[in-house]
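Structures for review follow.
First chain A sits with chain B, and in the next complex the same chain sits with chain C.
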Partner chain A sequence: MTASFDLNPQKLLATSEPATAMEIKLRRRSRISSAMRYSVLLIFGLIMLYPLIWLIGASFKTNSEIFASPSFWPKDPTLSGYIKGWETSTPYTFGRFFWNTFLIITPKVIGTAISCTLVAYGFARFDFPGKRILFMTVIATLLLPNVVTRIPQYLLFRDIGWLDSFLPLWVPSAVAGDAFFVFMLIQFLRAIPRDMEEAARVDGANTLQTLIYIVVPMLMPAIVSVCLFQFMWTMNDFLGPLIYLSSIDKYPVSLALKLSIDTTEAFDWNQILAMSVLALAPSLTVFFIAQKYFIEGISTGGVKG
Partner chain B sequence: MGGDNKYLGYLYVAPYVAGLLLFTAFPFAASFYLSFTDYDLLSTPRWTGLDNYHKLFTRDRTFDKSLKVTLLYVFMTVPIKLAFALLIAVILNYRLKAINFFRTAYYVPSILGGSIAIAVLWRYIFAQSGLVNMIIGLVGLEPINWFGDPQNALITITLLRCWQFGSAMVIFLAALQSVDKSLYEAASIDGANQWHLFRYITLPLITPVIFFNLIMQTVQAFQEFNGPYIITEGGPLKSTYLLPLYIYEKAFKSFDMGYASAIAWVLFAIIMILTLAAFWSSKKWVYYAGDKRS
Partner chain C sequence: MAELQLKSVEKTYGSGFKAVHGIDLTVQEGEFMVLVGPSGCAKSTTLRMIAGLETITGGEIRIGDRVVNDIVPGKRGIAMVFQNYALYPHMKVKNNLSFGLRLKRRPKAEIHDATQDVSKVLEIEELLDRLPKQLSGGQAQRVAVGRALIKHPEVFLFDEPLSNLDAKLRAYMRVRITDLHKRLKAEGRPATVVYVTHDQVEAMTMGDRICVMREGHIMQVADPVTLYERPANAFVAGFIGMPEMNLVDAVLMTNQVPHITIGDQTIRVDEGLGERLSETTGPVKFGIRPQHLEVCPPGTENALSGTVTTVEFLGHEINLHIGIHGQIFVAVVPSDHLTAIPKRGDAVALKPVGHRIHLFDRYSEQNISLAGL
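After this line comes the complex of A and B, so read on.
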């Protein structure tokens, strides 16, 4: 203790009289710069979020007001955008399109979670001939632009008669087709110690039981974030449904929105904006709920680990 | 696990192997084959050798234009987006109290940004009398013709993607938070200022993450489709006609599958060359912990 004290003359100087004045100056300077940082962050944050705030406000505006003032607050709020927009110019309401989105997302998310967990477990906990090469294909697929595989995929699904069904959107994900998730789960698994699994094996559990009762509970936060990302990506996916679905009664929300831009009369802006708000609502809701879940997942993981 | 049959692991990775062969490897090879054929979906593919590629590089002015616009878009979007993400992450990293709040606020556009609804919103706010021009008008400037002028249309799409810097920022922030604080203390005692700390300690330590973001964002930017498809429909004068849009229209509007595959392979080759160049150059500028160099 004393030795380090002696070795550090600068610290001794810092406690003497003139340096205290300097310290105050430094502290004041750091307070000013932290105030500056907050203002920069606030101004940028406001600029960034204003389009979203404006969108929500504008969806309650009358059509004549939308392009009249930059304020987000509607002068005479109206629900007509929501009511008319919901009806659409097709025989279906947006309720149908939300239901379709739900039908696409649910099997896709479940299939992704199960298949990616199995595959990541296989990679992280077993040795088998050719594992290195196979793992390299995970990385390669991660970097492979979809644009090169899309046309033959379309032809393949056409030949087996899956066009205009949800199968082309479900099946590739159900066989761990999204390499990003496999990679992410492998990374998580590598960080989890194997003692518990080995103890379970000694007690006579087979590898599948070990996976279900030991690994999955510990991996849960990571699996939840896989589900979350897959939910968001599928919610936002446009090109997949655009290529594979042709009948309007199977359209998800993303395609229906594009359809309403094309078919809604030129001046019914508030209908399109209102439906855009609804299209964003599920992702926003899930994001804010899951934020909390993430923090809990990290903190309980930290306590256990 | 030790003692198990050495083929047991295959059981677990089997779904992946099936998917890899069926939905990645086979389509990958097939699209290479198709790029040398003439195929309109009605008859069987007809082998035409290098005709598609020859036409692409000598007679297709749309391809020329589209390629130029794509490169311009990528080289504009990726650096701006990453610089912004890093800047905000560095500011957030100063142990600010509201760090979680700001991190969430900045991340929201990334979560929503891929949505068609956001592309729709962009159409409205950059319209001639839209939000952006109204605000520009308040400051007393002339309104900008965003979608009518070929000079500006691409900028609206770049702005849309830069607006979504949040995911890159979250990755940068995680890396910044893992930098060993004692390094800063030691350097401060030696008289280093804030810029020195950033330039000689922070920056080298986070180069692996910069590298990762650079590759992922570049691969993503080359495949931009929703923005130009919804916001500008490729126009005006094809000034936002990015290659993925051209491929889509060739393949699924004019059903020229062979030619579309050839364009896809040129795009793939460009991405591959740039990725390999990045990997090759990474030996010179990416720092890995435990590395013997100093």
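After this line comes the complex of A and C, so read on.
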């Protein structure tokens, strides 16, 4: 608010006098302008968030109310959506599907973090024969649309005998199959001066010790981002499980949500919405936890000098 | 502590660029050796080769009685202080100091004692629990020195460690480091030091001996006094000393009365020098330090007359730039020696202090005035 006064030369001339009519006018104008700015931001924010808010509200509505009223606040809130949705129409509860998702995500995220860090460290810090060609190959796979490799990949995993198991879903990623993450870490590593690693080598650390004790802590913000992206993408991945998994007892959450649409003639929308809310919960939780760490990582990872 | 020896050490990069041309250098046990030279003279490369951070493509490096060519940095018995300190940003100061010892899995008590010991020597005891980003430049510098000191290495390597500090702190740290070196010597654990800098003040004040480098060659290795008084070649003469030595083309005549001709002016040469150079006649480079030029009234005998072009008043002394036949000579005059400060355009004469004259071969640039000394 004061910024707008200071721009006014009249204010500079009369600093110790009581507020003039001009000043009052300016003050009011600045108040109105910030009120307007915040209202616009609020409206757009609400528009963006409304589907999510509606989803949460609707998950507590009865099936008939969902389409009857556009308001997000349920008239008689009920938990039946959650209770029935959790039970599902299959022999398994939603707990089973969450567990399946967990079994896919955990090795995938851990494997991605370890393998991509190793590969990125190699590319960013070492010279070896064929490095340029190998790096170009990695980048080339980044540009390749996923669809192109679906069928050959399917045939490959069929021949290995991995169909209807979690392996095709996480093994490629756990051996640095996601070129995007490798690329992201390489870019981050390039911005970190090598002096600390050289100091560690002089201190007696071997390559692996240098990586674990020096590089990984400095790279942590980037590794957290990689884990975060991998977590959310895997949580939301529908096509992968759809192609490789056929037994219902192995379905992850993303497939299970679709399952309730498939098997019932009249969809119980409140159950689907309730389970969607639950399916969102892990992603949101992990995001907010990691976001805090991510920011901390950036502020402590800074290199002075 | 050990002697460090470089024998015909070479470095050629993959691109074919030869950075270091077979240098030979011996650093005595407990000696403070400074590598100095302009940017790109390969002084840092040489240091990194000693550290093992850079491979060598020819020759041999010895630390003590071991050839260390193929030994990893951590096992060479060296410690290094980096230009930008290279402290591990995620570790507290105490962990930065003890990282090397912890890697070696030394007992906890020993690590604790060593950390305390080093932090006492460097007065960083109250900083032990801080992170590097909470340290000032000078503090970070001391921690970096501590990290080297704690290992009791055979050779200390410093890579321009003071260049990131402001002038005042640099002068302070310079004294601290030389004091530390002397103290270690007095305590009976002398430290062999190789110190890289581009700052000749650091080189002259810190080094027991100085190695002046240029484009991957060693130009001269000597103690500071010799380097200043008897530079082996025109490069060293020009590099050491502030302001730079005046170096101009001249002709030396040693038949009859030995004299030097600069443009159309002639000055006699010191008798001793004339005798020693009696065999040499012809074009030379004439060198004289600005401090060894006496400013006299115009027309003085055996002096070069010229015109003042620039006057730089520095307080305790004045730098006079004097044009003589299109060549500029700089003379440093203590300000209290002058009754009136000369002005631009004044005619003056410059009389070189006879025995301070240096003559260099015009082509090889070797100092021929040292011949016979």
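Brief remarks on what is shown
Definition applied: the second predicted complex is superposed on the first by the 260 of 305 C-alpha atoms of A that agree within 3 Å, B and C clash if a C-alpha of one lies under 4 Å from a C-alpha of the other, contacts with A are read in each partner's own complex, and residues count from 1 in each chain.
The criterion applied here is as follows: a residue touches a chain if its C-beta (ideal position, glycine included) is under 8 Å from a C-beta of that chain, and two chains touch if they have at least 3 such contacts.
Only a predicted model underlies this, so the values are computations on that prediction, with no experimental measurement involved.
Looking at the shared chain after the overlay, A:Phe123 reaches chain B, while chain C stays out of its contact range.
In the superposed model, A:Val109 lies in contact with neither chain B nor chain C.
Using the contact criterion defined above for the overlaid structures, shared-chain residue A:Met218 touches chain C, although it does not reach chain B.
Of the two partner chains, chain C is the only one that A:Gln209 touches; chain B does not reach it.
Once the two structures are superposed, chain B and chain C can be ranked by residues of chain A touched, with B on top. Once the two complexes are overlaid on the shared chain, A:Arg201 sits against chain B and chain C alike.
In the superposed model, A:Leu245 lies in contact with neither chain B nor chain C. Legend: residue contacts after superposition of the two complexes on their common chain; A:Ile186 is shown touching neither chain B nor chain C.
Of the two partner chains placed around the shared chain by superposition, chain B is the only one that A:Phe67 touches, whereas chain C remains out of contact. Touched by chain B in one complex and by chain C in the other are residues 198, 201 of chain A. On the chain B side of its complex with chain A, the touching residues are 1, 4, 6-13, 15-20, 22-24, 26-28, 30-31, 34, 88, 91-92, 94, 96, 98, 102, 104-106, 108-109, 111-112, 114-118, 120-121, 123-125, 127, 129-131, 134-135, 138, 163, 189, 215, 219, 222-223, 225-226, 229-230, 244, 247-248, 251-252, 257, 260-261, 264-265, 267-268, 271, 275. Residues 51-53, 72-75, 78-80, 82-90, 99-100, 103-104, 131-133, 135, 137, 140, 147, 151, 164 of chain C are the ones touching chain A in the complex. Contact residues on chain A toward chain C in their complex (touch as defined above): 193, 195-196, 198-206, 209, 213-214, 217-218, 300-305.
Residues 10, 34, 37-38, 40-41, 44-45, 48-49, 51-52, 54-55, 58, 66-67, 69-70, 115, 118-119, 121-123, 125-129, 131, 134, 137-138, 141, 143-156, 171-172, 174-177, 182, 197-198, 201, 207, 232-233, 235-236, 238-239, 243, 254, 257-258, 261, 269, 272-273, 275-277, 279-280, 283-284, 287, 291 of chain A are the ones that touch chain B when the two sit in their complex.
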